[in-house]
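So, here come the structures, one by one.
Presented sequentially are two complexes of subunit A, the first with subunit B as partner and the second with subunit C.
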Partner chain A sequence: MRNDAFSKCHPAVNFLFFVGAIGMSVVIQHPAYLTAGIVTGAVYYLLLNGRKGWKTILGLLPMFIFLTAINPLFNTLGVTPLFHLFGRPYTLEALLYGAAIASMFVIMMLWFGCYNKVLTSDKFTSLFGSIIPAISLVLVMVLRMVPNFIRKTQQITGARKSIGKGAAENASTKEKLNDGMTVLGALTSWALEGSVVTGDSMRARGYGCAKRSSFMIYRMTVTDWALLFIMMALLASTVTAACFGQVTAVFVPAIDLAPTSWGLATYTCYLLIPTALHIKEAIQWHISKSKI
Partner chain B sequence: MAHFEIKDLNFSYPTAKGKKSLDGVSLSIERGEYVVLCGKSGSGKTTLLRQLKSVLAPHGKKTGEILFNGVPLEKVSQRDQSAKIGYVMQNPDDQIVTDKVWHELAFGLESLGCDQKTMRARVAEMACYFGIQDWFHRDVANLSGGQKQLLNLASIMAMQPEVLILDEPTSQLDPIAASDFLNTVRKINIELGTTVIITEHRLEDIFPYADRAIVMDGGKVIANDTPRNIGRLLYEQQNDMFAAMPTPVRVFYGANGAGDCPLTVREGRNWLSREFTAEPVHKAMPVQTLPDEIENPALSLKELWFRYEKDSPDVLRGVSAEVPAGSLYAIVGGNGAGKSTTLKAICGICRPYRGKVKIFGKPVEKYKSAELFGGCLAMLPQDPKSLFVKKTVREDLAEMTKDEKRIAEVAETCQITSLLDSHPYDLSGGEQQRAALAKVLLTQPKLLLLDEPTKGIDSFFKEKLAGILCKLKESGITIVMVSHDVEFCAKYADMVSMFFDGQMLTTDTPRRFFGNNSFYTTAANRMSRHVFSMAVTAEDVVALYRQNKEG
Partner chain C sequence: MKKIKRSNIAMLIVFFLLVPLTLFLGTKLPGRGYYITGTLIIIELMIPFFMAFEGRKPQARELVVIAVMCAIAIVARVAIPIPNFKAIFAVIMLTGIAFGPETGFMVGAVAAFASNFFYGQGAYTPWQMFGYGAGGMLAGFAFAKGRLPRKPWVMAVFGFFAVILWVGPLLDCSRIFLMLSTVTWAGVIATFISGFYVNVSQAICTVLVMLLFGRPLLEKLDRIKLKYGMMEDEDGL
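Showing the complex of A and B:
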């Protein structure tokens, strides 16, 4: 994983940021805000993924065009018809509305992409472990089980292949199905056997004999608290702006956009937090390196 | 006051129809003692160990009493037992509960409801003591078997137990990881004074350091003494367990030695030096040399190159070998060197991107799958469990052939006739290995590939397995075996190859191979090389000793 300053913050900070970013991106349709969302999301996504990130971003482009173009086919409202398709008007307003919806979609994809990189499963479980220890333990165990199952399946099919069992390439569907069931059966008894040992191992280490606590490997530092405070402030002001109708955008039948205001500034600042942290650390590192 | 006091303990499983799994066991284990519990598979070792921790004690009929620190075990609270009695099991994988190393370390402390500050301190302490810092943040899935077992130990030690109970902890590990693990256990015993009760097959690494050895047979304690005396006792009783004793002990009694019995290689060397002050007359064991050319090899590998993924490093880097028909060919070498991959390449599970595999003179890709695996080639995988898919051993064997006579024959060869109606998972490690072997043999292979056949098997079962392999060899089957077990290879193989850096570096007969090595060789050779040469098994050393002494 790349060195990213925001990823090193407390998982609670990471989580709340993404809740805010993704939450707002699904309600705000104002083009200025959408542009801010796309740009900041894309920049941070590229910082996290490097050159490989371009591939995903370019991959989103056809999706954007498709979603934009398809909206006017269903939505014929709008005062400026561009042309007629199947006897229905294809309007500019509906097209722009489509672009807005497509942008929302792209922003969501970008932030979810970042979320996956930043909030890894162990961070997520450790975050919720302190609130609901039992559920988070189950989650951890399930997460471990899936790759285990895949590995064991490969082992069983490999072992069967080396004694000439298992469906050949040209076997009929029925044979393949039969073989699959056999492997599944073996896998199940193997897993049950394993879970008995796991259960023993849990009870041997005192599982269930006291109220569970949760080991927090991450600690809230002063920076984390400060960041949390700034985030809350920016978020609150953006929400306030929204409540005063400053982010409202109407596309059909006629375009009517609210004038941009301080809400856009706070929103952009909010979304720039991870990028800013990343760049700040990169610069600091550069300076301290040049001092040596 | 003894740490653990067991008074006349009897136990029988509900399904055993009155047969006692533990029969009048009385023991007393002192604080800080290092006790090794040995016995054949099924002698009641695990049953006894599990009785020492209430949550793990199996259901069944139990009489007698167990006192922990003078208090009956049932009266010790669950919480105290969890913290004070640590228990490490056999399987490194299944014991782990969580997905991250740091989380696993903290698991026990979380269960006890410790506060953050204590947990932080203890986890940090344990990570440092066990050298886990470097992989503290790793996923459990990416650890090696040895690391996993060390993690299991560390996560129990984090609860600061007074007693550590280990049930065959190294049976799934390779020898190097195993001796690392056992050294750590010994360090814990010496540095922290934790009482250790351990069962093990690999006695060479434990016996010299244990304070006491307890031998069990059929649910009874048949001997309970210092390791040195146990060796003598088992020898005098002609007990099967004598085969499990460390090499120096076996050589000493095999040669009818007098005085104190050596337990370590060093003591063994000194003993031999005292016995042979002058150069011995018969110095070397006879050696066979390899023929220059092998005619009609059963298997020939030529310059195999293979890697798992396009960008990953090569695992096989020009593997070449020729295996004469009707021989037992052993491949030894370090962990992850590519030995198992070689076997996979032979049976076509992995396709080398360069090189040739010829089986009985015919390239492997020319064979049809049914032709290759029906009566030509078969492989016994490392974990025998991966071959079991049915509810009983009999059904599993019936999956291979309908011919009941053949099943009976093969079951007889592998000595599993009495186990046919059991569930494969109820068998012990050695029994599972033989049941899996039976299943593999039903394909009637002419070339048999074995991946670590002696893993997790005690010495008694190893001899049985060796007997079966010899019989197969006599019937004309060629066997290629990958193993970490140098003693086994030295004793039974016809040819041994060293696998290193993706290649077969040297190939020779076992005596010349191990006789010329000074590190990667058997204990018998290390112990005797200053007096004899080419003596690689305990039997070799005994034979030379007798020849010289008897004239």
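Showing the complex of A and C:
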């Protein structure tokens, strides 16, 4: 994402933010915190995806209802039975518990959706390039080879078609499968031969002779350090709040929620960081545009 | 006696310190404690493998071959013009059979991770990485040194059971821990039943690829090994 302020931050900041956000969302099941998670996640998801984001968010709704409704079928604890199904009580508490679990699931989906947009593969490899050099090199090569191989596959298929081979559109599954295997075989031969050339070329240029240095396109700026500090502070205070029992929520057999306190505020602030950055940037852009 | 390798030390630390510690602390977590504990253990189990791979400073040729096999496993979906035909696991297992357990693990884990850059990372990513990686490694062990004959139908049966008994249930586990409020037998069985169709369809895909593509692909991989003398010192323990 080019037009997102948070995406322009250092990958380490991005990565740690998502580890914190997704990690917390899995542990906390207090309704107030869940609501905060859903709202902030949805807002940031919409900022990243624009109008197309609504489709995904609305698509999560049936999943939410399904997961909510199904929980009382397996969890029959609870003091207020709504009705009996197959001789087992279908309780209000279990239904609400189901809603909490469904919310967790929705939060995870939303934040993972944002993660996929923000922490792109180039950021991931640049972040882990010095820790796992060989594996991230393999990863970079794979990410480059996949589009390359898809092009080659299309070439092979086209070439086969022009000599009258290959499965037609209405061919049977068996023919399609056989044809696919032939194409895959041709691709494999070509790719493996090429891999040896690449490998030898890498060795000839001195791969493995010394410790590989890596070019870092991202630098930790003052903003990044400040952001990291704020993130850690907010996260630490939320964890402290959790240790004091502020996020405790018991659903079955009877609902018992801890009263909300400052933990909710710090948690919401933490989750609002990317949105706040995005909006701040948008306002700045608006101001500087109106000055012209 | 040679110096103990760092990855072996890591293995010991993981098994005797990290995993029990995670299990102990995991019981104290509220919410989806099971999921966090499970995912952390999965990630911890993969660390020694990655350290071993980094530690022995793999040669350029080996790196490129691993990358190529990962990319082919991902692209197989495009090459075969049948919707929802997943050949990824079959290619990973064939790589394990041809190049040995360690390469099989790396190709499985990296292919799962890299394919999710195209289809979206999610809560299941570490589980998928471990499932595919361990599946490739298992295939490498089972077929090394002629323990099992490299016949298409043997590989097909092996692949079928590897999907049904290992990869499928592992991915179902990540859903159980994520979606069930309390882990009860009824819930577990329901999750396995709901995942059964997907697992069976993937198992059938694996069988078909093994039967049709198993021998030609193995011949190609063996030919490359012979022609360029690659991965010779790695005949699979």
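Basically, the second predicted complex is superposed on the first by the 278 of 292 C-alpha atoms of A that agree within 3 Å, B and C clash if a C-alpha of one lies under 4 Å from a C-alpha of the other, contacts with A are read in each partner's own complex, and residues count from 1 in each chain.
Throughout what follows, a contact is a pair of C-beta atoms (placed from the backbone, for glycine too) under 8 Å apart; a residue touches a chain by one contact, two chains touch by 3 or more.
Note that the structure is predicted; figures quoted are calculated from it, not measured.
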Contacts of A:Y115 with subunit B and subunit C, given as first, second, both or neither: second
Partner with the higher number of touched subunit A residues, subunit C or subunit B: C
Contacts of A:T240 with subunit B and subunit C, given as first, second, both or neither: neither
Partner chain in contact with A:L143 - subunit B first, subunit C second, else both or neither: both
Subunit B versus subunit C as contact partner of A:S261, first or second or both or neither: neither
First, second, both or neither for A:S172, with subunit B first and subunit C second: neither
First, second, both or neither for A:S162, with subunit B first and subunit C second: first
First (subunit B), second (subunit C), both or neither touched by A:A210: first
Partner chain(s) touched by A:V183 [first = subunit B, second = subunit C, both, neither]: both
Subunit B/subunit C common contact set on subunit A: 121, 133, 137, 141, 143, 148, 183, 185, 189, 193-195, 198, 200, 202-203, 207-208
Touch list for subunit C against partner subunit A, complex: 29-33, 35-36, 50, 53-54, 57-68, 70-72, 74-76, 78-82, 85, 87, 106, 110-111, 113-114, 117-118, 120-123, 178-182, 184, 186-187, 190, 208-209, 212-213, 216-217, 220-221, 224, 228, 230
Contacting residues of subunit A [partner subunit C, same complex]: 23, 26-29, 67, 71, 73-75, 77, 94, 97-98, 101, 104-105, 108-109, 112-113, 115-116, 121, 132-135, 137-139, 141-143, 145-146, 148-150, 153, 167, 173, 176-181, 183-185, 187-189, 191-196, 198-200, 202-203, 207-208, 242, 247-249, 251-252
Touching residues (chain side subunit A, partner subunit B) in the complex: 121-122, 126, 133, 137, 140-141, 143-144, 147-148, 152, 155-156, 158-165, 168, 182-183, 185-186, 189-190, 193-195, 197-198, 200-217
Subunit B to subunit A touching residues, read off their complex: 53, 55-56, 77-79, 82-83, 86-87, 89, 91, 93-100, 102-103, 106-116, 119-120, 123, 140-141, 152, 155-156, 159, 344, 347, 349, 369-370, 372-374, 378-379, 381, 383, 385-389, 399-400, 425, 439-440, 443, 449
